[in-house]
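As structure tokens, here come the structures.
Two complexes follow with subunit A in common, the first pairing it with subunit B and the second with subunit C.
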Partner chain A sequence: MAMLRRLSVFRPLLFGLATASVLDAAGTVQVVMKDVKGQPVADAVASLTRLDAPGPAPAAPDQPVAIVQQNEEFRPYVTPLVAGTRVIFPNEDKIQHHVFSLSPAKQFDIPLYSGTPKESVVFDQPGIVTLGCNIHDWMKAYVVVLATPYYAKAGDDGKAAIGGLPAGRYHLEVWHPLLAVNVDRDIVIGERDDSTQVISLTLKPDRRIRRAPDAPGGGYK
Partner chain B sequence: MRRLQSFGTKLLLLFVLVVAAAQFATYFVVSRDNLDNARALIEQDLVSAAHVFQQVVDDRNTILATGAGAAVADSAVKQLFVRTADPATIASALGSIRIRTGGADLVTLLDLKAEPVASTLADPVSGHVLKKLVNDADGDPSPDPHATGYGYIGGQLYSFVTVPVRAPDIIDWLVVGFRIDNRFAERLKEWTRIEVTFADRQGRILATTLSPDVAGALSAALPGLHARTGTLSLAGESSLVTTRVLPAGEDLSATLVLQYSLDEKLRPARDLERLLLLVACGSLVLAGLLSSAFARRLSRPVEALAAHTKVIAGGDYAARIELHRNDELGRLADAFNQMGAGLAERDRVRDLLDKNVSPEVAAQLMRDGAALGGEEREVTVLFADLRNFTALSEGRPPREVLTLLNRYLDRMSAEIERHGGVIDKFIGDAIMALFGAPVARGDDADRALAAALAMQAALARLNREFAAEGRPPLAVGIGINTARVVAGNMGSARRLNYSVIGDGVNVAARLQALTRSPEYRAGILVSAATLSAARGTFRTRPLGEVVLKGRAEPVAIAALEATAALL
Partner chain C sequence: MGQDLSSSGGLTAAWNDNLSHSALAADERTAEVYTASGSFDQRFSLTRDLALLAGGTAALETCPRYDDLDRVSAGAHAELRKKFGLGPLAPVLSLDLGAGGAAFRDSYRDGWSADVTAGLAKRVNDAWRVAVKADWSRQEARQTVYDCENRGLSAETSWDVTDRWQVALGVGREWGQQEASASWNAWSYRYYGGAGPAVANYYGQVPYTYSNTFGPGWVAYRVTGHADLGWLSLAPALGPDTALPLRYEAVEVYAGAGTRYISHQLSLSLLHRF
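Then we have the complex of A and B:
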């Protein structure tokens, strides 16, 4: 507490210095994520947590993040965001949806609606939140609520680039919906570093529910 | 014993044996075949019943799992599982879910670590069973992960299936089960027509379609059954049994026993076999009767032929046998009759031969086959001639003449033959006889001389008879010579006469002619050769030598006279 009071005097100076250091010495890390067969893993989220001088909690963005329902699916499939981010769920389908989550990190329930509901959800706790639709069993999405601003989601090429990293030691964590074995390691970022981290992920089989076919059922099974 | 050795009996036995062998062989082949067929059919049915069982359990599991899956997709249920830590509420909700499944006997909730959270049954299910089940399901990579298995609850057997609770990722597992009881067994039996039993490892019956006594027998027999299939004797009936092991926990298991009675399957076949046996016995009896009748038809004529043979052997060549048959035996009878006719013919010829020639000649003819050719031997030839034939024949009818002549000849011949002579031939009223041919006896000359004297005596007797009949007496002149002559069958191939030829024969004939000559006054003229050949003593009157026609050397002759004893 005493330290904080002292720091507050020099806050503007410190802020300037911090910004300067960020602007001056921002490293990037390219995290390349592959599965055991060497195939790129899309939708994996890599996050870096600073180990020395854990800074203030990252600020949530002003604009809410949207997770839409489109063609009876959630889009995007995985949404990483910092804790405190507000999320809205616009329904772009002609039919109604009922969005819910029973995950401990955030439980909520938005009953059947069309268009954009009045309710929005603030994901305040770090953790993984699984979203579902009560009337469409196959609809699923993930919100990865993080406590660090340094994160990126891999595209189809399996690469996630995290930039603006101050030099120092970091704890790298990777998450994927099908991750079978936890992956985390400590890395060191130097000033103006542009390193690559290659991660091999062991994934569980994807046991997503089959989507209801548009055509009539397949007969006696 | 004779009965057994009879041909007819042998035939009967053979026939009956053959028919018996064929019939009973058929019976046994059919019987064995039926048994093998029944077994094969039952085995097929049992195997297919095992498949049906698997299918039925799978289908039932699927139905219950689907129902439970739909039940836990309910948003309120999901929230219940996530939020409430109150096991009593969860248990009651599970009861509701159980009804929604439409027939599950138990519903249990387990967490992701496979720890039981709540259950509809108060009895704790063996945790290990369910844990393994959930772990298996979790390891199932398909979009529809599930696992099935069996387990015991309170001594009863259940089938379990896992159901994932999704929200939308799997947050919990449900295990839904149905009891394997008599009703289930009955349904299986309805579909497969096979008796179904479930038993534990010790053989205790868990569920069955069998009646209590049969079930008890099966229960006792099960621990001893080590192979997958087998034949058991249950309550008096033979049954085929196949088993499948249903694992129900670490070292627990249940046994599915599928069973069908072999005797039941064989019942229609056995009826046929009984009929076959009946036919076999019937045909055996028929065969016996037929062959017995046939044998008699065979042995009677054969016996008749045997008897007929004895009759023929006895000399009755005229006997004939009639069998009235067209077959081989009929032909045999015909052959027998022909043989009889042949023998009779031969007998007649022999008889005729005997009458025509002396028995010795006949015998030699039969022996030598009436071949031509002869031999040279010393023979005493005797000629006898009737002196006053005209006295005999004058004024008498020819038949009477012949009768008288034959009477004379008969007497003369009798004496000749009595003395071992052979009548060569009759030449009208003359007789030519041979002594020493075809068989020489050593004393042929003596016998010829004795015969001549006997002939005279016999004629004297005949004359006495004639006198008594008022007929004139007869006189005979006899000439005898002994010489080496050729004896044999003379004539053509078809007409033979055993006779002698040579000078000596002529001499005897001439001597006989000389008896008419008044200067000698002899009834019997013999040559010196005969006298010297004779061993015995005869009263003779030498008459010197005489020159005979056709012979250069004179021949010494003598008259033979009867001794007082002969007169």
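Then we have the complex of A and C:
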């Protein structure tokens, strides 16, 4: 009985130590993304898919992710999330927007609203979803729907850190809206690894629909 | 039914090499015209893909060299806009009804106008857009020589070379009535048979009035025929809501009895959407 009591005291400690050892054993990969001129590339999404063991099914967060319309643009421009995540589209402009997508991974439209619509959209299939506004042609954003919980988006410095990685073999993929040449490679993560992957991205020119006023039409006076 | 209000303003400086619309080279009068304008539109979304835009415009125009042409104008319009599908590549069909009035320094030119325009526009891809239009317009002035009615067809394509630079090219033709002017010498030569009986007969039938707009003793008259138009513009974006288009337009008018005149206009505008 005394031994059982001692074990019960130690059980939380043992569990904590076990958890700590798993976390300590987790690796981190810093993905540094640059263009061919060596300039950092923002908004690129790096994801890692486990190859040597079935990875855990990623759990969608309880809280929805927000993609905001602000100053007649979507913010953020690129949103990575796991399949099953709910997304809301708050409109912070004084004018209405009509958010839609024709992408195979998720087709929907939320016509003409102000404020935050009651309906949210569940992105349930992995893939790239392009968002637009049916009134303001220049508005564009992307949702990257992933089947892995291991992903990160690069900031303005072009760096994306993916942590909590169990040791093993992974397939690294990088996506960017302007990516001209696919980038992917297999990497190995060891226990407590803290490695860096430098990726050079070949990008297409950033061609977005003109937002500035057009020249007035012709006509004889 | 949702509604949205948008507004814009612009300043334009234009140089025209034949503002007098004269058929004789010696009569052609060159001048600068400056315009300040503003407009607003209230958008009413009737259904998911049908919108009504109702709005107004106002403009102040001045021609320092020939100030009879100074004017203030205002108008209203209502446009039905139907989009066939979702997204920027969906074609858009529009029908616009407009009406307005203008007051000139030369009050004989004061009057009202009405116009109807049907248009079809389609963005081909992120860079290219094409549009065709058919229009009818009617202008009624205090003096009937300045009345005119026209029907027109035009087509335009625009190319967004980069995010910042846009090039547009358009052509059109208008059928109907045009105002022209001639010095007394040029007018009387044709009117009194100096160019032959056919020309004299034609000029004897066109409405005309004496007008000092382009010089003492000049004659303003109205011809019927057609005008061919062409324009080319280069429009850099100064910001997300501001552009500075530079535009060249050429108009060639063909009327009865061999009457023909050409004008070229170069203009620079500053446009801003609020």
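One rule holds for everything that comes next: the second predicted complex is superposed on the first by the 188 of 221 C-alpha atoms of A that agree within 3 Å, B and C clash if a C-alpha of one lies under 4 Å from a C-alpha of the other, contacts with A are read in each partner's own complex, and residues count from 1 in each chain.
Keep this in mind: a residue touches a chain if its C-beta (ideal position, glycine included) is under 8 Å from a C-beta of that chain, and two chains touch if they have at least 3 such contacts.
If you're wondering where the values come from, they're calculated on a predicted model, not measured in any experiment.
Peer 1: A:I95 in the overlay: touching subunit B, subunit C, both, or neither? Say first, second, both or neither.
Peer 2: second
Peer 1: Touch check for A:A180: first (subunit B), second (subunit C), both, or neither?
Peer 2: neither
Peer 1: I'd like to know which partner A:A59 touches here: subunit B for first, subunit C for second, both or neither.
Peer 2: neither
Peer 1: Have a look at where A:N134 lands relative to subunit B and subunit C in the superposition and call it first, second, both or neither.
Peer 2: both
Peer 1: In this superposed model, does subunit C or subunit B come into contact with more residues of subunit A?
Peer 2: Per-residue touch count on subunit A favours C.
Peer 1: Where does A:L51 make contact in the superposed view: on subunit B (first), on subunit C (second), on both, or on neither?
Peer 2: Touch status of A:L51: no partner.
Peer 1: First (subunit B), second (subunit C), both or neither: which does A:R207 touch?
Peer 2: In the superposition, A:R207 touches subunit B and subunit C alike.
Peer 1: Between subunit B and subunit C, whom does A:L112 touch in the aligned arrangement: first, second, both, or neither?
Peer 2: In the superposition, A:L112 contacts subunit C only.
Peer 1: For A:V198, using the defined touch cut-off, is the partner it touches subunit B, subunit C, both, or neither? Pick first, second, both or neither.
Peer 2: Touch status of A:V198: no partner.
Peer 1: Going by the contact definition given at the top, which residues of subunit A touch subunit B in one complex and subunit C in the other?
Peer 2: Touching subunit B and subunit C on subunit A: residues 98, 100, 102, 132, 134, 137-138, 205-210.
Peer 1: Spell out the part of subunit A that touches subunit C in their complex, as residue ranges.
Peer 2: My answer: residues 94-96, 98, 100, 102, 109, 111-114, 132, 134-135, 137-138, 205-220.
Peer 1: Taking the touch rule as given, give the residues of subunit A at its contact with subunit B in the complex, in rising order.
Peer 2: By the definition above, subunit A touches subunit B via 98, 100, 102, 107, 130-134, 137-140, 205-210.
Peer 1: Using the touch definition from the top, list the residues of subunit C that touch subunit A in their complex.
Peer 2: 2-6, 8, 10, 43, 45, 48-49, 83, 86-88, 90, 123, 126-127, 133, 152, 154, 156, 158, 160, 162-163, 166, 168, 170, 172, 174, 178, 227, 229-231, 233, 235, 237-243, 245, 247, 249, 251, 269, 271-273
Peer 1: Going by the contact rule at the top, pick out the subunit B residues touching subunit A in the complex.
Peer 2: Where subunit B meets subunit A, its residues are 73, 75, 78-79, 82-83, 141-145, 166-171.
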